[in-house]
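Structure in structure tokens, see below.
When the chains are written out, they are named A, B, C, D, E and F in that same order, and each has its own residue count from 1.
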Amino acid sequence: MTNLIEYEASREEVRSVYDDIRTTRQTEYINNFWKALANHPPTLKRTWENVKDVMTSPGELDPLVRELIYIAVSVTNGCQYCIASHTAAARTKGMSDAQFGELLSIVALANTTNRLANGYQVPVDEQFRH
Amino acid sequence: MTNLIEYEASREEVRSVYDDIRTTRQTEYINNFWKALANHPPTLKRTWENVKDVMTSPGELDPLVRELIYIAVSVTNGCQYCIASHTAAARTKGMSDAQFGELLSIVALANTTNRLANGYQVPVDEQFRH
Amino acid sequence: MTNLIEYEASREEVRSVYDDIRTTRQTEYINNFWKALANHPPTLKRTWENVKDVMTSPGELDPLVRELIYIAVSVTNGCQYCIASHTAAARTKGMSDAQFGELLSIVALANTTNRLANGYQVPVDEQFRH
Amino acid sequence: MTNLIEYEASREEVRSVYDDIRTTRQTEYINNFWKALANHPPTLKRTWENVKDVMTSPGELDPLVRELIYIAVSVTNGCQYCIASHTAAARTKGMSDAQFGELLSIVALANTTNRLANGYQVPVDEQFRH
Amino acid sequence: MTNLIEYEASREEVRSVYDDIRTTRQTEYINNFWKALANHPPTLKRTWENVKDVMTSPGELDPLVRELIYIAVSVTNGCQYCIASHTAAARTKGMSDAQFGELLSIVALANTTNRLANGYQVPVDEQFRH
Amino acid sequence: MTNLIEYEASREEVRSVYDDIRTTRQTEYINNFWKALANHPPTLKRTWENVKDVMTSPGELDPLVRELIYIAVSVTNGCQYCIASHTAAARTKGMSDAQFGELLSIVALANTTNRLANGYQVPVDEQFRH
């Protein structure tokens, strides 16, 4: 099992990332994902900067839509940790039961039609190439 | 290569699905995916009904968000046909270059963190279990 | 691009595998997959022995069912070469259009329900654990 | 964790699906998958209708072969719930230990050759294109 | 749950594989993977021969690098058993925390760029085709 | 098709990334991947910084081993672009035919055993949990 590194036991380079997570998310809670990444501080720092940039910087997709997309990928890949953590995050950002149900029905459908397109070896339509 | 079944050459059970696709989408164009599925009419009918239901019936996620989720799955699975066709569909529904860029950056990020969670065997936090 | 090694240009260790493929399959034709693997003779030999063993040795699943299972995996993974080659092989072994249509509809369905099970984080029923 | 909706606590639209599952399968038992989907009744109804149609309607593939294909996909995707539930279903339909062993050996083999075809970038043979 | 077949309860064809595993690995311990495969002796024998051949025969990649590649695949596929067992194996062969951290950061990165290449439908450069 | 943005036509924020790619790699050539990402400059910049950091900064894994790991992931995911580009990169860094053959045989093997572990639902050994 991976050693989870707590704030109190962390080195300076880890602690500064933990501090930024706390400030950015406005919560004291550091979830296990970050405590695991802290075993390799460069990965912790790089990953947090990427997450912060992609998920929280201003843009054209609102925060809840970003979480829905994140869940869609995680469900497709079958990543249990990510499904649990991002479903929780989406709930915090206002995801309703109906939105979650619709999200999963689209994910399920796309996984089906992806395989039908593969299986029938469907050639891409000329007009989708532009 | 899969035989693509054109409207004119199609049997009644196929033609009625093609007619519904045309009416629902308000276009004469039937894309290759459906022409391939027409080789097995029950699959054509079932798949179209599922797509119509999931992607066009009233709900809490707007049509563009539904397409973004569809693309997220298709990109994760590497389905070339579905990436091409749903990117085109999303453009028709108003997806901007910036939205597409943000979408792909989230898909890319989630695929990364999914593997970090796997690799570090991160246990799900107690509070994500409720 | 991978160099495809023809029979005439092949070394002894490759040629003996090619000969066995021809004898086993009762055809002169060596398909590109084997010509590519011939770039690393140990992989060619090991892979052919595995394929011959798993796909042609006596057992409880008939040859066509084995091909259907092979296609199911290849479609799920989106491996274009394997979809094309094993669909051709299944046709040779008698797969009808209806059987192929049913096969793909099951593959499509399983890919859908796999994600619904993931997304809803469904706990395994006690009775499925025995 | 997903709320599992029991028959007694279910709304009418859920209960009618549960009733049909019981009648079709000739068992009182409703497995967790359906109890989870019941959180979004349209997904429950659509998914059950698809499963019923694809897995139980008359066709050219017998019920056990359909389950073997289902398992092949679920094992490739690593869906624990689906592996457990469909392995149990296949046992009920008569799958022997030897058949299960052969099934997994084909799934394992196909996952191997799919990657060798990818890695060597093998071009599809002209004769597989027809 | 799969029946795990212990050495004492095993048949001759299983026992001879177990003996070879013990001799090759110079340990009495047979891990659960082999005890599960022993339910289908031909799969046990074939798989062990493949593993022994690929992972322990002389070659140009050293044993630790082979394990790193094995982990990279297992993490990408999300196979919990294989991640746990091969991470343990790599530790035994000398993998440091820093090496493991670097390995996972490469796996994470490749999973990201694979999707960016998919999503942007990037055409392969002419010079990569030679 | 994705618009590929050439150096001459690029904006300042793109050009500075292109310049850094050229300097770091000591070649004038910018491959299509980057020209595609340039459609969304923040993704171009972030991705390049990640690649540069993970693949070229000093560490315990040598440059060729890093490329082998990259290929292992790309082959498992079936990403054609990434397989082609990273195989070319590995060749440049000295990968021999034998090394490439061994790499693919390990990737193929791991994809096989991942599915056997899934299919037999093998429980993780107690000693792999520490």
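Just so it is clear, contacts are C-beta pairs under 8 Å (C-beta built on N, C-alpha and C of every residue); 3 or more make two chains touch, one makes a residue touch a chain.
A quick note: this is a predicted structure, and the numbers were derived from the prediction, not measured.
A.B. asks: As a test of understanding: of all chains, whose mean C-alpha position lies farthest from that of subunit F?
C.D. replies: Following the centroid criterion, the farthest chain would be D.
A.B. asks: Identify the chain pair with more contacting C-beta pairs: D-F or D-E.
C.D. replies: Counting C-beta pairs in contact for D-F and D-E gives the edge to D-F.
A.B. asks: Given that subunit E and subunit F are copies and touch, would you call their interface same or different according to whether over half of its residue numbers are shared?
C.D. replies: Same; most numbers are used by both subunit E and subunit F.
A.B. asks: In angstrom, rounded to a whole number, how far apart do the mean CA points of subunit A and subunit C lie?
C.D. replies: A distance of 34 Å separates the two centres.
A.B. asks: Averaging over Cα atoms per chain, report the distance between subunit A and subunit E in Å.
C.D. replies: 27
A.B. asks: Which subunit E residues touch at least two other chains?
C.D. replies: Within subunit E, the residues that touch at least two other chains are 1, 39, 42-43, 46-47, 50, 54, 76-80, 84, 87, 98, 102-105, 107-109, 111-114, 116, 118, 120-121, 129.
A.B. asks: Mind pulling up the subunit F residues that touch subunit A in the complex?
C.D. replies: That would be residues 1, 42, 46, 50, 53-54, 129-130 of subunit F.
A.B. asks: Mind pulling up the subunit F residues that touch subunit C in the complex?
C.D. replies: 78, 97-98, 100-102, 104-105, 108
A.B. asks: Show me the residue ranges of subunit D that touch subunit F in the complex, using the header's touch definition.
C.D. replies: Checking each residue of subunit D against subunit F gives 71, 75-76, 78, 80, 83-84, 103-104, 107-109, 111-116, 118-121.
A.B. asks: Under the definition above, what is the set of subunit E residues touching subunit D in their complex?
C.D. replies: Answer in residue numbers: 39-40, 42-43, 46-47, 77-79.
A.B. asks: For subunit C, which residues count as touching subunit D in their complex?
C.D. replies: Going by the criterion above, the answer is residues 1-2, 4, 29, 31-33, 36-37, 39, 43, 47, 50-51, 54-55, 59-61, 65-66, 68-70, 72-74, 76-77, 79-82, 84-88, 96, 98-99, 102-103, 105-107, 109-114, 116-118, 120-125, 127-129.
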